[in-house]
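Once you've had a glance at the structure underneath, I'll fire off some questions.
We call the chains A, B and C, going by the order they appear; numbering starts again at 1 in every chain.
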């Protein structure tokens, strides 16, 4: 019994040293550090968004208090003057619109801040669900083999042969415009790569001597699979998931942009970009800044993921 | 496994994939009320109620969903893919598709050429100067490529090269659309223009292709550059690279003769798959640039819930993807003398 | 390398070479002042267990240290020049001609997607002198003899007309490649030149690699564990080939091996390395008969003796030293039964105890 705990402690020490080394490698790369800092910054802003900006600013009717003492009309169609910078004609106070206003005359910076939690939350949910679904199926398929493996593989084949965006679009257009439909539609497209990734990992781990040793010691299948094999195969999944966060934000907002948004006035980056598209030549800043925000968030996650891949790749060690 | 056995296995898989895709899309597009009535393109105002009834009966639209599938299947087997909705002027889906397909092919070819000619050098620089400034710059370009919302980048290009350039009186690029086709021989507009000697048309078409191609390739060259970098780094660690250096070969020779051929093998896969997915139409880019290809059509069809066109589109796309995967695997065998199927 | 030398002249001298590797866990002090002399036309074997610095010595010598390594001090004198001070480009040019190396594993060190012909030709075509000389001596309908060309390399000094057309280069390169392959006793050269490495057997691949080294007509031929990855029977063939080539190739050979029997069979002199130092150098006969350094003595006791099969093999107590934080003074002292105070303080340097027998130990 004592032996066992000692072995486990040794295992943990080795793992801890490994993690320390990874952190060292991670910190050595300036780009990866930049990516990490930017992602953390956006996550913190998203968490605090409702404290930084009054969420009622996003409403397009009814709310007239605070800094916007006027009734909102859709400016691009109502031929209102378009504002970027200080504006006195439209507003009472010395309001300064750092990034200009959007089609409803709302401060674009505030709208982008309010959009962050929407985009990040959805991206996170979608990636986590898709990754969990995909890795579990992939791990079971790889470990079990046989007919189950074959069936799972053929199903992913079908999904790989699909035009991904079309599937999501068809799905979203058939089930109506809601955030939940979009989440479901994107998850539907996003889980198969995780199956392939995890299955490949499990197949290569399964052949390693330690699995045989564990089985010889009488460890149960599920225990071997989940406690040992998956733990060792998890790194590439982490990398993939981090990079997918960026990709999912882009896809989610693209669907919103293409008109699957539940409400045109919802502060969401793709929605804001769609709004800016309506006045692309007269008010280019709306689409410019909303798209730029997407680019920066996605780039930050991709930098982290890319750096993680370098760090976690054992062949790049030493 | 023999090469032909392998090919046969993949072709059987293709049949399975096509069946599954058609069933899934069929149920998604016909199983809900949201699409337009599938018989709408077949009728007109002059028809009496009985005539409409007859049309509906003839195509099996009054049957339960699973029976409708077999009606659809029967029609497809006879080469009838059904009619499109109002977006396609009620023309047969296959005619709309194959009228538009050459334009998509053109765009795919141009974008792929651009991607390869920028992505591969970027990846090589990144690997050779690993963790130095050129690597960081190339890494940022590559990652920015696939972190960019495609429609957004398209708009920026339009804004700068069309709107601001014309505002400043500079020679500007057209922002959207494509010139109408003069003559049809092979179907590919540029090729036809060259064959008929209509150079004005060729130039016009080419100019219209520039912005969409840049927009498309910017997004994908990042993937390619990263793959090339990763496999190049892997190859540069190999013993035979040490051997090549120990021979006193110039670094250029070491990289281009000894490393590149090995490193490009995975890049070939990616380029093949990328090209195939572009053949399926880069929907958003075609939409943004109003490029009259199949991707734009698919987006329009989805907007109207036009099941006939979506089915045709998905099936062609799935076929292309499966065949491209097969082609890539076969190409492996030629590129790497060690691989034998 | 045009001047004639005496057999006892030193061709290559390594003096007090210190090399460190920077790693996450700290500085790995891989070479701790290596001293080594390679005499003209001799075969010197560098022996030691893995991790003792044999390979690092060779990497430094050919100028291909990994990026995280740096030379702290020391000199490598070849032809009166210090190689440490040379630029990368100068080292590259040196590798095209003077320093040729053959590596351990012919499978991984040959490029899998290029034919043997391509990999050999690129060596041959780099040496314009070789091409010109080959054209000068070639006779139609008769095979080229590469040994003639090796001899010419030493004598020819007159300036040559270096303009050869591309077609001519290709043609003569083909003939040269065949000639070199026949020098390393590979049959059916035309076919082999068209084959990929994976189509050849291990022994043939190693011969092809040796051919690539000899094609440069090197003055120093380095064999880095060339028999380690091979079957025993193939090992014997390769060693036999090396012995045959000895007189033909006109080069001084530095042979790296961890196998004492290989060293005994092929080398004139043996240098024993331990923990980043050369601890003993002697002619192979002397070293096997009367080793001085305690490590060398124990190493020899660890070889099974055919004449006395009942004698017990002795293992060396302790483990290979940690190179990040090596023991001070003589790196062998924690495992040495004769260790004294002085051993823990200052590293003993090589000194000549008998004629031609140097040892780095305070016992002598």
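One rule holds for everything that comes next: a residue touches a chain if its C-beta (ideal position, glycine included) is under 8 Å from a C-beta of that chain, and two chains touch if they have at least 3 such contacts.
Quick caveat: nothing in here was measured; it's all calculated off a predicted structure.
Distances between chain centres, each the mean of the C-alpha atoms, put C farthest from chain A.
Ranked by the number of C-beta pairs in contact, the top chain pair here is A-B.
Chain A and chain C have centres, each the mean of its CA atoms, that are 55 Å apart.
If you average the CA atoms of chain A and of chain B, the two centres end up 25 Å from each other.
Chain C makes touch with chain B in their complex at residues 62, 64, 92-97, 100-101, 103, 105, 108-114, 118, 122-123, 126, 196, 198, 209, 212, 216. Of all the residues in chain B, the ones that touch chain C in their complex are 238-240, 242-251, 253, 257-258, 261-262, 335-338. The part of chain B that touches chain A in the complex is made up of residues 13, 16-17, 20-21, 24-25, 28-29, 31-32, 34-35, 131, 136, 139-140, 143-144, 146-153, 155-156, 158-159, 163, 226, 233-234, 237, 277, 280-281, 283-284, 287, 298-299, 302-303, 305, 310, 313-314, 317-318, 321-322. Chain contact summary for the complex, chain A toward chain B: residues 29-31, 154-155, 157-158, 160-163, 165-167, 169-171, 173-176, 246-247, 250, 253-254, 257-259, 270, 273, 277, 280-281, 284, 287-288, 290-291, 294-295, 298-299, 301-303, 306, 315-316.
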